[in-house]
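Across the two complexes that follow, chain A remains constant while its partner is chain B and subsequently chain C.
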Partner chain A sequence: MAEPRRRRAGGLSHRFRRAAAPYLLIAPFFLLFGAFWAGPIVASFLYSFTEWRGITPPEPIGLRNYERLIGDERFFIALGNTLWMAGAYVACANLASLSLALVLDAGWVRLRHVFRTAFFLPMTISMVVSAVIFQLIYAGDIGLIAKLLAVVGIEGPAWLRDPATAPLAIVAMRVWRTMGYYAIIYLAGLQAVSADLKEAARLDGASEWQVIRHVTLPALKPVALFCVVLTSISALEMFDEPMILTQGGPGDATLTAVMFVYQQGFQFLELGYAAAASYVLTLVIVMISIAQKLWLGEKER
Partner chain B sequence: MIARGLRRRRALEPSPLVQYAVLLGLCALLALVLMPWVWALLSSFKPRSEIMSTGFLPEVWQIGNYVELFTTTLYGRWLMNSAIVSVSAACVGMVVCGMAGYAFAKFRFAGKTALFWIVIASVSIPPFTTVIPLFGWMAKLGLLNTYLVLVLPFASSAFGLFMMRQYISTLPDELIEAARIDGCGELRLLLTIILPLARPALGTVGILIFISSWNSFIWPLVFMRSDEMFTLPVGIAGLNSEQMAEYGLIMAAAITSCIPMLVVFFLMQKQIIAGLTRGAVKA
Partner chain C sequence: MKRRTMLAAGAATAFLGGRAPAYAQGRTTRITYWCWSEHARGAQAVYPRFREQNPDIEVEITNLNPQEIQDKILVAMATGVGAPDVGLIIESRYPTYPATGGLLEVHDHVAPRESDFSARLQTRLKHRGRYFGFPYIQNIAVMFYRQDMFEERGITAPIETWDEWVEAGKRIRDRERNRYMHQVSPGAVGFGPLLGYFEAAGVHFFTEEGRVIRNNRAAAEVLKVYHDIVRVHDICLLVTHNTPEHFVAMRTGRIAALHSGNWGLDRLEREAAADAGKWKVQHFPRWRADGPKQVGNWGGSVLVIPRANRNHAAAIKWASFLSADVEAQIGLWQNGYGLPTSLAAQRDPRMREPQPFLGQSMYEASVEGREVFYTNLVRDWPRVQIEMGRQIDAMFQGQKSPDQAWADFEAAMVRQYG
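Up next is the complex of A and B:
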């Protein structure tokens, strides 16, 4: 497809080529993006106003799916579980990874690079595999925790069978998996904080804690915003771990919103109803992201 | 003044005792992080009876679970499916994200900003919002149970586009202008100048798409309708949900499926970590 050499710019066909070039370049990406993301997102919204059972064509029923959602106790249980598990996860994951990053940022810590890489490792394996592995950690009688507790003579609970501990077990596993990843992001942010500024504060007699509190953390705000938004979105979309570890149980203690959507859509084949539920969740996610941006974002502009 | 500065500098380095305490703490944390794997590895060498017993180490190290994994389950097939799907998604993704990233970095065209933000905003959409209509469409088109439905969605990665745009916009404009003045066509410009220069970013995008496709659970769960077409996560989840789950076998599957990712990670550590942090710090 080599073009003949053309030394004179400005010919009509040449100008046309230049104008068309960007559209041709983005065409493959947007064909796929339209077919697999943008199109379905819009279609899902339209289907949420229909009754659609998969085999038969969708039938418009107005707002009835949304009315049904408001009266569906299980949906609110799922939404409630999702919100508090996500809240616990976002707080723990960000605190843990930020503390880890602060430690690893100190120049005198030995083997920092080894630690940085090692803590990242859990992130390379899939949620499914980590959930499967953690099953054998949490299991009531044959799990590692139970066996360790047995050594010191304590009989622990069946972590995944108790409605009080099952959500916490899932949150803990998620923190285990992502802590190193977010620590690396925080670390990159810390390394961008001006060393001169910190040195100046120290010369003015600030203690090490004061330097962190008044110089480092404020400069870290944009990175913190990124991590908080990302952890929130990913946790609000939690599905793999409860699906593998608890199937939403015991009772509905670990039923998440995305699991609710999956059950309605692909187990009960209520695709229209599932689409409505997924749109309510989308709305919740977008509102939370905006709230976080207002809370942590730059005040100016 | 100088003396004071020096004293401060030394005060920065805590006493050796504190340093060792911190190192010890980090080692303990590291042990905690690696423990699940060690436990899975140990369990994968135990027969069923030993998993139920109270001991920690296998009494006799046996590889029966691994043999069984490859002979009695479709594990080999799932591994192949995962590899085909993830490698294809990464290759297609590098091409389409590279092209589109170049357009967003170096051209001005109507609708550019709007299109870019639509792509970025799509990241916050929960899974199943897209999967629900796609399931209906793919069923109609007869594309359920094909590799295609697992390759194409991952190739049009919002993160990939974002990263390619960031990287290509740092390449000097003069280079492109000079090539154009020399009569270089747009396609040749892309293939011989832009993409080769953007190789580091392309590598990162390829790896990230590979990882997300390799680890994806929801897409193959919904779109793959028969055992032979499962990818590893769905296959392993299936083994796990059987009545009388064979934990030793499942742990062997878990360990084996970690190996390709760990190899990829250690070979390309730099690109992966750079890629993951670049977006965050610049955004």
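Up next is the complex of A and C:
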């Protein structure tokens, strides 16, 4: 009598094990995803509705952090700076990277591997070292630019102390750092463009510029979309360069949205308010990415 | 031996091992100490003495960026993990910490030796009447100067007042347009040095209760002087301190003087080593000839013990050692130029020994016989710092008069602190 019961129980356990096995196998991913990704995202969203100083328990305050953001002049300054620096960066970085990739892809360039490595190198240099280099380039009378301008009798501005030039100086440094990286991506795209197509265009009498304009660039649009979205997202999260070079100054001329979040969260210990600001920034990034996708995607179609 | 007996014996050993103090088991307690550059060097120098006194405690001294330490300790306190056993906190940021509830109260270890540090420092370190930090070192605002350049222009140091300093600066500028008297930092980082000016003038921005002092004419006057030395008298180079441009100015003789804390000597030794013997030091100029012999700070630091950690006893011993042991305090001065907060250490004859780079005693020349003024601090000091930085920038860019900059700063502070 006991035998069939044991068999039945064994069968159930076996069936359960078989059913549970796939879930157990994928569980580590979901546990890690929940703990280190989804969990903090949800938690910080909930904290954005609280007043929280980190150690003392958070106090729910409804939408007050978001209301306060609307009236916070510095947040809009930071957002404005971020958008304008991001716009300048995305345009310059993509133009520079694409131009560099086109040059490296051209048949007449010798030692292209050396150049490719050389342009990629800034990406591998520590941010602090880069900042020191650029502080010396931008420095008042003793800086490299000031010295070069002095040769032709021009007195340059104090690049990092002038609110008009400081954002540009930061953008230029970021372009220098990342140009090689995006050039490699563009180069990969260029090498995928059919050589037959280009050859056919040349046989039809197209000049080199016409080949680039009407054959190469249209074929590069998916790569360009990828690079534009990537540069946009990274630019909207800009923090290191202004933090090291200008600390957001002069005034708030180079204060970015992420720096604003950092100040509120870590320096003023207003973590709930910082969480609210970071969610608004996330929303802006998502909206811009969608717009870019629609715009470039539409053109591609 | 049976398996069960062995397990029982193992468990008993583990239990007893867990209960007995470390030294009884011949074990060493290892604690971590987070600090930065000159403090790490100072700590390393005095550590052998600590080990002699406490052979059962090992200290791992970690050298980090000062701003990074403040942020990391806050995060560690918030999460309850990852904090050092002892951390060094920038004094102006200290008031934020006790209010979080994350620091160990150390009143019983600090209060008995209150008479060994200044009354104003006692006020600074107390939160609701209790100590949550150990006094450590101070950085008194001083003026380093190039004696050779001063002598070339017939300037005699020490220069007593700001008016005389400005006149001397004009003489430096008159002869060589590319040379400045000293350097002034713009922006939020410029507030650190500026605070030394405010303190030397005996100015508070906040009451002891943390309320803004309104219509603060004395503070507005200091800001005006700070503006004038750059924009009206044109004796100062407007460059952020501790940047390559600033170091080049030190090295190449572009500045004839350097306003700094005592730690500035460490910077000079590294950046202008070739000019050893040419640099001297004097006290910060007085605000008025008939005013008190008063100096301000270029920041000080406080030793704190995050509550979340377990090695409190060992941490207290290390912090007490650095804070109260005369030999340790002298060692910190000799190796990192942090002025001892211990009054007993300040009276030690070794404080009057000359520093080889200067050829004179920095303590005698710039601190001794002068009262150190401590302005009242408030919670979340970076907010004050950043707001003042914005106003300094607007002022130096000519967008605002110094009076307007002060009024705007005061209004922003009233909105925040009342």
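Going forward, the second predicted complex is superposed on the first by the 254 of 301 C-alpha atoms of A that agree within 3 Å, B and C clash if a C-alpha of one lies under 4 Å from a C-alpha of the other, contacts with A are read in each partner's own complex, and residues count from 1 in each chain.
Going forward, a residue touches a chain if its C-beta (ideal position, glycine included) is under 8 Å from a C-beta of that chain, and two chains touch if they have at least 3 such contacts.
If you're wondering where the values come from, they're calculated on a predicted model, not measured in any experiment.
A.B. asks: In the superposed arrangement, does A:119 touch chain B (first), chain C (second), both or neither?
C.D. replies: It touches chain B, and chain C stays clear.
A.B. asks: Report for A:268: first if it touches chain B alone, second if chain C alone, otherwise both or neither.
C.D. replies: second
A.B. asks: Is A:142 touching the first partner chain B, the second partner chain C, both, or neither of them?
C.D. replies: both
A.B. asks: So in the superposed three-chain picture, is A:103 touching just chain B, just chain C, both, or none of them (first/second/both/neither)?
C.D. replies: first
A.B. asks: Does the superposition put A:208 against chain B (first), chain C (second), both, or neither?
C.D. replies: The answer is first: A:208 touches chain B but not chain C.
A.B. asks: Between chain B and chain C, which one contacts more residues of chain A in the superposed model?
C.D. replies: When the residues of chain A touched by each partner are counted, B comes out ahead.
A.B. asks: State whether A:70 touches chain B only (first), chain C only (second), both chains, or neither.
C.D. replies: neither
A.B. asks: Which holds for A:53: it touches chain B only (first), chain C only (second), both, or neither?
C.D. replies: In the superposition, A:53 touches chain C alone.
A.B. asks: By the touch definition at the top of the document, which applies to A:130: first (chain B), second (chain C), both, or neither?
C.D. replies: first
A.B. asks: Looking at the overlay, does A:285 come into contact with chain B only (first), chain C only (second), both, or neither?
C.D. replies: first
A.B. asks: Across the two complexes, what residues of chain A are contacted by chain B and by chain C?
C.D. replies: 54, 132, 135-136, 141-142, 266, 271
A.B. asks: State the interface residues of chain A toward chain B in the complex, per the touch definition above.
C.D. replies: 1-3, 5-7, 9, 17-19, 21-26, 28-30, 32-33, 35-41, 43-44, 47, 52, 54, 100, 103, 106, 108-111, 115, 117-122, 124-130, 132-137, 141-142, 144, 147, 150, 176, 179-181, 184-185, 187-189, 192, 202-203, 208, 222-223, 226-227, 233, 236-237, 239-240, 243-244, 257-258, 261-262, 265-266, 271, 274-275, 278-279, 281-282, 285-286, 289
A.B. asks: Which positions of chain C touch chain A when the two form their complex?
C.D. replies: 71, 74-75, 77-78, 96, 99-102, 178, 186-189, 238-239, 243-245, 248-249, 380, 382-383, 386, 389-390, 393-394, 397, 399
A.B. asks: Quick check: in the complex, which residue numbers of chain B touch chain A?
C.D. replies: On the chain B side, the touching residues are 4-5, 8, 12-14, 19, 22-23, 26, 29-30, 33-37, 39-40, 43, 51-52, 54, 56, 95-97, 99-100, 102-104, 107-109, 112, 115, 118-119, 122-137, 139, 152-153, 155-156, 158, 161, 180-181, 183, 185-188, 190, 211, 214-218, 222, 232-234, 236-237, 240, 247, 250-251, 253-254, 257-258, 261-262, 264-265, 269, 273, 276-277, 280-281, 283.
A.B. asks: Where on chain A does chain C make contact in their complex?
C.D. replies: My answer: residues 53-56, 132, 135-136, 139-143, 158, 161, 163, 246-252, 263, 266-269, 271.
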